[in-house]
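What follows are several structures.
Okay, so subunit A shows up in both of these, paired with subunit B first and subunit C after.
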Partner chain A sequence: MPRLNLYQEEFHPSPWQQTWLAFKASHIALAGLMVLASISLLALLAPVIAPHSPLLQNPDVLLLPPVWDPSGSLTYLLGTDALGRDIFSRLLYAARTTLITSVIVVVVAMLIGVTIGAIAGMLRGVSSSVVNHLLDSLMAIPTLLIAIVIVAIMGSGLVNSMWAITLALIPQFVHYTRNYVGEEMKKDYIRASQLDGSTKRQLFFYSILPNMLEMLVVQGTLALSIAVLDISALGFLNLGAHPPSVELGALLASSIDIAYLAPWNVMLPGLCIFFLVLSINIVGDGLRSAIRKRVKN
Partner chain B sequence: MMISFFRYGTLFVLTLFSLVSLSFLLAHLFPGDLLTNLSGVAPKDEKERQLLATLWAVDQSVFFRFFRYCSLIFSGEWGVSISSGLPLYDEIRRTLPATIELSFYSAVVAVVIGVPIGCLAGLKSYTKLDYTINAVAIVNYSLPVFWLGLAFILVFSLQLNWLPLSGRISLLFDIPTVTGFILIDILLSNSLNKGEAIANAIAHLAMPVLAVSLISGAALVRLLRRSVIDILDKPYIASARSRGLSSSRIFFDHVLRNALLPILPLLAIQITTLMTNAIIVETLFSWPGIGDWLLQAIYQGDYTAIRMGMLVVAALIVSLTIFVDILNRLVDPRKRMPTNATT
Partner chain C sequence: MSNVLTVEDLEYRCADPGFKLGPISLEIARGESIAIIGENQTGKSLLAKLLVGAIEPHGGRISLHCHDGKTGPRDQSIRMMFQFSSHALNPALSVAKILEEPLLRNTDMDKVSREQLIEETLLKVGLLREHAYHYRHMLSDGQQQRIALARAIILSPNVLVADEPFAALDPSIRSQTVNLLLKLQKEMGLSFVFISHNLGIVRHIADKILVMDKGQIIESGKTDTVFKWPQHDITKRLIMSHQSLVPQQTL
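And then the complex of A and B:
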């Protein structure tokens, strides 16, 4: 769609640019992107920003309320926990752990899932039937259950829970890729390049993958929000990260005992998870409707 | 039709078979003695060991052991829990109904809330009402369930003191366990004050059910809204309108039924999320269900309990998913043609 500009020559936005323009038109989606960007920035720069070490205990100020409370103090912006550790710094480090592990988990799951899905989608006959049935039954087992079993075999810990969630996220990518590849394989442009003698590998990488890349990004954001929720849920159930490393769900679980005395200890990590997931979901939604708008035009 | 039923039958049997083999494999993967991992008993002397070894066929070949394992599982001989020493069959028989009850009520509440609101948002799409509903739905959808449950506890039981904190029913009521479903048990019992007992049980149910159903309901609202908007764009709706059908007739006859169809397969995925959330919520509210029981088993390293609990929950969810698939095929006439998995 050429856009007329009085001062310059005609401008033909590429598909990615068109998506970005449609995405930008939605203010909510843009706000979500900004929130997500600022949370990620805060989390990634945690070692630079954090005013205290997340593990440093100060026995003089236990359970200090946040700064907006009359008895709060500016040294500890969001107060302290039962051991006198600065909650703000702990939150930053915890968000960092949760975010980085979730991104790694999603990327690994996407790579494996798309590979299996592409192979399954190009299979024909009995082998396809067997593979697809097996994958369908795998889809049905809940994430948490797979995670529990893996943790039971290998012991609890952040890395093991990451493996568990990777395994649990793979099926949805497989499912999506398999359906998409299966649909595309029937279309004429695939037949054309088949007639040109392209192998299955070339078909996938040069013809199908560029078409599905965008929706794959959308799927990735959905998976990211699930990954954040699952990693913090495992942390909350004491199956994920162990004490020296801070993680949002584990942070929340460790302060349940003092939930009545110092509710901000429970509410702040929860709010942090919530805003992280909310902004990811809003960005994902915005991206999806932007792509829908572009395809419609 | 018969062919597709046969397909689902084989799919179900194959999946169950692979789940049983997986649990058999787990017994070999877990740390510790194989015999203890299978039976749950640490034999005290050589004689007891010999007895158990013949029962579970530990000294025989792997194939024979697997065959024995399958036959024992199907006859209800699931071994005993390592930590408590109670038979696993009875333990699961006690905890599973509590989880099913919690998930079932949550699913019902989610559908009752989600379907009308989702339809409303779809019909009034791109208006202020739609944006409000959408915003509330996406906020609910992003809430971590354990945090929502904690917030409920803080507000409704600690601050306002309206609802009880944990458990299924107050200890004052003596309800004999018949089915394991608390509301049915109360109705079956010959207790004097059934009304009070039911009110008490519902007060205990309110917070966990609400926590789970708010999140699943929000997901349902989003799915249904999208589906209704897509259907309203279809030419047959325009043709129905041009024929002068009333808007309620268009909605119930043409929109609703077609909008619900694409949602059914997605519901199968929602079932697994709902069960996962129910398991997490159980630990918060000390609901005596299978999720709480499984987590205790993990903390105590109770490998027999983990193995059997996983098998039972996975089997339950797989059967539910296949049931939804069959339902989908029955309801949707376009799918009644026999198809194979490749298409």
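And then the complex of A and C:
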């Protein structure tokens, strides 16, 4: 079918485009997105941008202050730590580790959670409500606590902490997906698809999933901010990433002893976590209100 | 005229013990329009859903007869239009995708012929092919109604069941839809079963009328007969209330 342009001046945005337009209208959300995008870009390009190796020690310049201090040096943009390692490079690599692991954790948790939630939502009766009540009670416990318990059982380390946070995040996705699918299954357009002869599987992938994507994006961003915080927290508690690998929480923990001597060592990773979580939350919130606006119209 | 649909002793028991539908028996001939009328909560919508198979009956048999007299697959030969057509369209899919779904599930057509059929069907219901790129929220109520109709007829069914297809439409769109349905019925030889509270329209397009009360068909017959000599009290009441609204000389 050739695409005829009968109404040249008319603009018909798809639901996604509409969401983007509503999102763009909020300046705060847009600023949050820019901050998040620049942090992600810096973190992902860490091997290209970083001026030094994050592990390279220079005994000549221990605890060098950042460049804006009178005794700072341009070679070490944000100063050095107690072992003479470049803080700027370490920050980039640490943000890279934290961000990538968080994204992996959220994607895996989402895949598993949505699968279970969809199955539970399509089912009726006892099995569905057992899943529901079991997971609702799990959701009452903070994810960090569950993650610490799981790490305590499996042993510490970055990979183990990733597993722990994945497991702790799954109940949320199951809960939201189950409620959403259960709600949608009652609607007439699902009945119409059923009359077309769709199987349950086809119903989910063809009819419900396109509607659910936006909810998943919102829940995904919220889960991402939780994952960043939890991975940093486990790193800070020495339950996550171990020394040779750099990670934001671990970076913060290692410099806590010299907080009075060289405050920038603590401040900079802390600020990095703060901006990362803040921007993710602002983007998530902006998305949510954009979607609400679209649904209202 | 041959029958396209035979219903024998159809029964349905609700969770509420006070209400039971049936047993109902009816026959629908090819190209016939049948109106189901009655007060609210009398099982009209339930009967419509049972007919199309959205709900499984507890007893009785529904047999569909194709052109060659055999019993055909249900999805293709009987189709339904829902009461609120806007609710029956998926908000996240474009019209093309919505119309493609019945074709994907019930036919082996390739992509090109599917698109062609979608285009033809859109033109048939009085829309443009550009509407294939639209989403639900961009369409007016009348257009949504037409999309719902397009979806119902895209598989060339024998029977079209519609639950209050004219209820939420303004008078001009309503008469457009009525005319469109009559035209399609003539072109495609559709049998049309519809529920309506608008006795003016019923009188205008229906060949036969079924009057329902408390899950039973209490009266049925040719439209003129029922309008002129209503037998049952409830039928009399319905027709009286209709006539009191219409100026007498038009009757």
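Just so it is clear, the second predicted complex is superposed on the first by the 287 of 297 C-alpha atoms of A that agree within 3 Å, B and C clash if a C-alpha of one lies under 4 Å from a C-alpha of the other, contacts with A are read in each partner's own complex, and residues count from 1 in each chain.
Just so we're on the same page, a residue touches a chain if its C-beta (ideal position, glycine included) is under 8 Å from a C-beta of that chain, and two chains touch if they have at least 3 such contacts.
Fair warning: this is a prediction, and the values are worked out from it, not measured in the lab.
Student: Once the shared chain is lined up, is A:Ser14 touching subunit B (first), subunit C (second), both, or neither of them?
Tutor: Once the two structures are laid over each other on A, A:Ser14 reaches subunit C alone.
Student: Count the residues of subunit A touched by subunit B and by subunit C, then name the partner with the higher count.
Tutor: Larger number of subunit A residues touched: B.
Student: In the overlay, answer first, second, both or neither for which of subunit B and subunit C A:Val159 touches.
Tutor: Neither: A:Val159 stays clear of subunit B and subunit C.
Student: One more residue to check, A:Ile104. First (subunit B), second (subunit C), both or neither?
Tutor: In the superposition, A:Ile104 contacts neither subunit B nor subunit C.
Student: A:Pro263 contacts which: subunit B (first), subunit C (second), both, neither?
Tutor: first
Student: Between subunit B (first) and subunit C (second), which, if any, makes contact with A:Leu83: first, second, both or neither?
Tutor: It touches nothing on subunit B or subunit C.
Student: Now for A:Gln202: first (subunit B), second (subunit C), both, or neither, which partner does it touch?
Tutor: It touches subunit C, and subunit B stays clear.
Student: After the superposition on A, what does A:Ile49 contact: first (subunit B), second (subunit C), both or neither?
Tutor: neither
Student: What part of subunit B is in contact with subunit A in the complex they form?
Tutor: 11, 14-15, 18-19, 26, 29-30, 138-139, 141-147, 150-151, 153-154, 158, 268-269, 272-273, 275-276, 279-280, 283, 294-295, 298-299, 303, 306, 310, 313-314, 317-318, 321, 340-343
Student: Residues of subunit A touching subunit B in their complex?
Tutor: 123-125, 128-129, 132-134, 136-137, 139-145, 148-149, 151-153, 156, 182, 225, 229, 232-233, 236-239, 249, 252, 256, 259-260, 263, 266-267, 270, 273-274, 277-278, 280-282, 285
Student: Applying the document's contact rule, which stretches of subunit A touch subunit C when the two form their complex?
Tutor: Contacts found on subunit A: 1, 3-4, 6-7, 12, 14-15, 187-189, 191-198, 202, 206-207, 210-211, 213, 297.
Student: Which of the residues in subunit C end up touching subunit A in this complex?
Tutor: Residues 52-54, 75, 79-80, 82-84, 87-94, 101-102, 105-106, 115-116, 118-119, 128-130, 132-135, 137-138, 151.
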